[in-house]
Amino acid sequence: MSLNPDRLFPADERTRAIARELHQRTADLPLVSPHGHVDPRLISENQPFPDPARLFVVPDHYLTRMLYSQGVTPAEMGVASVDGTPSEVDGRTIWRRFAEHYRLFRGTPSKMWLDHTFAEVFGIYKELGAGTADEFYDHLSARLTEPAYRPRALFDRFNIEVLATTESPVDSLEPHAALAATPASGGRQWGGKGGKVVTTFRPDNMVEPGWPGWSERVERLSEITGEDTSTFDGFLAALRSRRQDFIAAGATCSDHGNLTAATEDDPKAAAEIYAKALKGEADETEILRFPALMLTEFARMSVEDGLVMQLHPGSNRNHNQWLYDGWGRDVGGDIPNATEYTRALKPLLDAFGNHPRFRIVLYTLDETVFSRELAPLAGGYASVFLGAPWWFLDSPEGMRRFREAVHETAGFYNTAGFVDDTRAFCSIPARHDVARRIDAAYLARLVAEHRMTEHEAAEVAIDLAYNQPRKIYGLESQ
Amino acid sequence: MSLNPDRLFPADERTRAIARELHQRTADLPLVSPHGHVDPRLISENQPFPDPARLFVVPDHYLTRMLYSQGVTPAEMGVASVDGTPSEVDGRTIWRRFAEHYRLFRGTPSKMWLDHTFAEVFGIYKELGAGTADEFYDHLSARLTEPAYRPRALFDRFNIEVLATTESPVDSLEPHAALAATPASGGRQWGGKGGKVVTTFRPDNMVEPGWPGWSERVERLSEITGEDTSTFDGFLAALRSRRQDFIAAGATCSDHGNLTAATEDDPKAAAEIYAKALKGEADETEILRFPALMLTEFARMSVEDGLVMQLHPGSNRNHNQWLYDGWGRDVGGDIPNATEYTRALKPLLDAFGNHPRFRIVLYTLDETVFSRELAPLAGGYASVFLGAPWWFLDSPEGMRRFREAVHETAGFYNTAGFVDDTRAFCSIPARHDVARRIDAAYLARLVAEHRMTEHEAAEVAIDLAYNQPRKIYGLESQ
Amino acid sequence: MSLNPDRLFPADERTRAIARELHQRTADLPLVSPHGHVDPRLISENQPFPDPARLFVVPDHYLTRMLYSQGVTPAEMGVASVDGTPSEVDGRTIWRRFAEHYRLFRGTPSKMWLDHTFAEVFGIYKELGAGTADEFYDHLSARLTEPAYRPRALFDRFNIEVLATTESPVDSLEPHAALAATPASGGRQWGGKGGKVVTTFRPDNMVEPGWPGWSERVERLSEITGEDTSTFDGFLAALRSRRQDFIAAGATCSDHGNLTAATEDDPKAAAEIYAKALKGEADETEILRFPALMLTEFARMSVEDGLVMQLHPGSNRNHNQWLYDGWGRDVGGDIPNATEYTRALKPLLDAFGNHPRFRIVLYTLDETVFSRELAPLAGGYASVFLGAPWWFLDSPEGMRRFREAVHETAGFYNTAGFVDDTRAFCSIPARHDVARRIDAAYLARLVAEHRMTEHEAAEVAIDLAYNQPRKIYGLESQ
């Protein structure tokens, strides 16, 4: 399937022509990816990708969840089970199953990203389906053996300027060290401060005492940092110390996937819960309260060390119990909850929201807060910026609704620019392409309706695609 | 008023042309109506309709509520009062009042449905108003005496393939038996399994102990089924037995109009509340909890007998106390509540959400859940499908927003297709016409923006209009 | 910057042509402004406006909040501090700062209003920016010294038919008395009943016992009215008496800015809380409950004296504590909360919602209630009407979404028409211009999609712009 050069632009000829013009200003700008889930070893080890099924289908829960929603089980799609029950292992079989069901994705972002990747990255201009499954599989498999399709080669071909991965405080930063030791390409070092691949400090598994293995991780943190994590002060010191390691590995941001946006500023209460949790005596209320208390502690650290906070609340993790029991986390069983921000964030914002060195980027899975809470907060606090539409909202319609609901109150310059948030490395160009096209389309409508000049719109388009993410996520000072 | 052939299509010429093409593929498909409120006696008795006022205005709370919102009382519109206070009885007077206020409906679905019905069903191509009220009344009255305007004649002329009515477990299925005994037309039987008119099992008045007459209905259920409903097990057995009667009368679905989407899986608690409720000792919390418990019991039955569940939560019934006191239920006094699904449905979905024989269709009056909860649930559970926009959302803009918010996450094939949900028999073609046009318009935009091919869109249009509702509501296996 | 005559109309040529036609029908209608915050002394004293910075920037929290969201403090923008800490006083310096940051407002309503005002009111057809700041400042300053730019001259030039200001029961109505004594112009008196400038009864600071100075205000109310406010009955009598003063000063409405839409009908409870509050013994729950109880008391008064109620709930006042501590109220630190109406309003509507002499206009900052709660309420109660999109929603996209979400259920005639709600006197024509254009654009789409005739749309456009606000806010009987 060939990609129409006008894809995602409005049908109206006048508006489409403007969108086309605007998009030409951003189409070739480098990709800035300040938030994502690519495994850093992919780049540091630079091994060939596995077969097409394992590259595109098996690890992508956008795809496996849609197939499951129509009765095709994760096992049939090759997802490894928790208890070792065999799943399909033959790549071609998985791929054929996927191709047979490709119609389920009609009109979805997943299909748009895949079709873009097949065409632009792999040079296949056909429509995937039962009849073409083998042809795709053979073509893709052949490409994947070539040096030009190794991760680092693709990274440079994709024109990625910087890619942030996400690690927990107890994760090894070895891959990032390896990247820092990798010979530079294109005049820029691969890892370390200011490198092409940087890390992000994501401490979720340290602040949820109910998450299996928490006390072991707390001990591990002590080993890594040499701090005594048996006290809350020691725990904080260990986190502070670990943040310095992350900063050395290029981190400019922390990221927080709390269940809600609740915050509290009460170090004493946090210390008490911590002590109880270590003894296994924290009750459910306390376990839920701890992340809210810790969010403010992390804000306190941000003011000290300059890491930009990102907050991704609202995901009811592992809602589908059967999926979780059978195939574990991150296989598509999460469902959003309604998420309140106005009251929830007040304690944190009271403490740091007007501090000149503090910055927080808010994301949501609940679009009802776009106009009601997020835009007013971003337009009312110097520290608050809005992240790109996330996950289920990372889509043409989601992005359009985001701009429509947010820009009139918060303007364009309180939004942080696009992040791809993906573990699907090969889809990165496709995702940025969609975002740039949708912003061009939206700005084109404002121009066509005489709400902005074309000159203003061009400047905004470039800022949103490139300057804003570099600035807001702290990448431009690197 | 003549109907423009391009009505509801986008103004943009390019998109409109595509919409026109797509709509031609679905315009003549049979109507599948798997959820509605037409009285089965209308078809079984096949008597002439009453006068135009009693056919179109008096029983349609969409119309009487709008008139009341501008001060015209239900009594003035001929709605029968609860206490026998006289209401207007003269059909022509009611009709004139309605016509004088027809401007209130400008741009609303009600007007669109009526104008379509006047033109396509009755051949009147004028605009209703004070000046034309009598002409309409006379014309309609004359038509209604003709054999071609009897219900069964219209049913066949409307090209309805199947129409589901809605009955309570204690309602008589006599009209359906009569339909089963009616000579077939067009090669298909009128009633019974696989018939043109089928029933739906709607047990709301059996699961709300606070609903006046509940214990009498429980006894009546015992009489009908021969089961001993003085125990909870007997109650469940009676419901199971009655479901078999409904299945024999063609039912493929049950329907549940709970106040919320809350569910609980706890048969013991249900049995306790049932026992207390029978003695009149259940408190308000228990009375509210019982339907949530019963929803899971009905899911359990569905897994056994195959009835597809439909859930219609979120209506705050009889909000307008004065209307309720004066004119009773279903006269337009209901107002939606915010409705949570993610947490609410988890107990039921934990129990049956991944069972291969379970299927549930979710509806909502709260469009904030479209992208936040419903699309992720439908895209994450094999058993979950999304019902058409309902009631206040059964409108061009409501349907458009539904597709925009849902399809990128859930695709098209996790939506169940259109249901007209109406008691206004003559408006059925108009309602399906609107839905098919809006889907054509939406798909046309995706094609015009190069997000789908025209070939894909045509297939989806046909599936949404015909194949999906047949499949999801269990009608195709009949 | 010149104003394009097609601004805000849809790009599609067919629809744009219809919008143009419709807009011509309303463009020159008088402005009806039944709810706003202009200081009545502005008109009664008719002094020249201050310098451009103090006229346009310093008092407009839409502007100062956006600048603050990017780190420019209120002090730098000349906002007076609470404790006397010096703020910038030089108008030209403030103006230059504003001009340098004008790009932040790209595509926002604020910029649209300002550009319109610069062009249409002051005859400047350039783009404001760092390079043109001084030119703007000099031009505007020169104009502001001319008699034609005095408030009353502009009032008549703006073609304002009536402008409602907002006063508290303990505010002086002196300016309104002065207006009543001002010689008429254009054949109509300036103040008093039926005058060009009228007041609105806004008792918020009398019903929030936690608001500093409450008991002093209660005493002041006693002094003004001669009623004994030491008892609840006396308090009510004083409010009743004061409403008569307001009615004499032209008021046709009351306005209520409660935190939520909660209502209760329980005069006894209200009396008890009142007594405790006077003694300083009301607890937080009681303090929050009192406004809910008083809302129903005011409804009771409305039925007696005919004032139309307006309800503006949902603003979490002074969310930004640092802004509030430093610069006080109304400087941009308010953030909306989610707001429930269906259950909240039931007690009030049970009591008066079907009373033929009662009328209430509902506003919201939470657009999720447009289709779910507000449209059904307005379409289900004769007394309920919907106010224009307010504050953060008073924008082209906000207005469009309002019509799209509301009109199919409530029609056009249960909406009350546009209110500008502004303290920025010079922006009044710009705001009405935006509203009329957006309604024209929306109606044009309905016409282009054959959902209304052009004749119907023209009538609706005129009704929304002129007849509805006059009728719903009780201005036409004056």
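The letters A, B and C name the chains in turn, as written, and every chain counts its residues from 1.
Keep in mind that, in the parts below, a contact is a pair of C-beta atoms (placed from the backbone, for glycine too) under 8 Å apart; a residue touches a chain by one contact, two chains touch by 3 or more.
Heads up on the chains, UniProt names are A, B, C = Uronate isomerase.
Computed from a predicted model, the values in this text were never measured in an experiment.
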- [ ] For copies chain A and chain C, work out whether under half or over half of the interface numbers are shared, and give different or same accordingly.
- [x] different
Open item on the list: How big is the rotation relating chain B to chain C when the fit is done on Cα atoms? Please round to the nearest 5 degrees.
Closed with: 120
Task: Where chain A and chain C are represented by their mean Cα positions, the distance between them in whole Å - done: 41
TODO: Quick one: which residues in chain B touch 2 or more of the other chains?
DONE: 10, 12, 368
- [ ] Using the touch definition up top, name the residues of chain C that touch chain A in the complex.
- [x] 1, 4, 6-13, 65-66, 68-71, 103-109, 112, 127, 316, 319-323, 332-338, 365-368, 392-393, 395-398, 401
TODO: Mind listing the chain A positions that touch chain C in their complex?
DONE: 10, 12, 14-15, 340, 342-343, 346, 349-350, 353-354, 356, 368, 371-373, 375-382, 384, 404-405, 407-414, 443, 445-446, 448-453, 456, 459-460
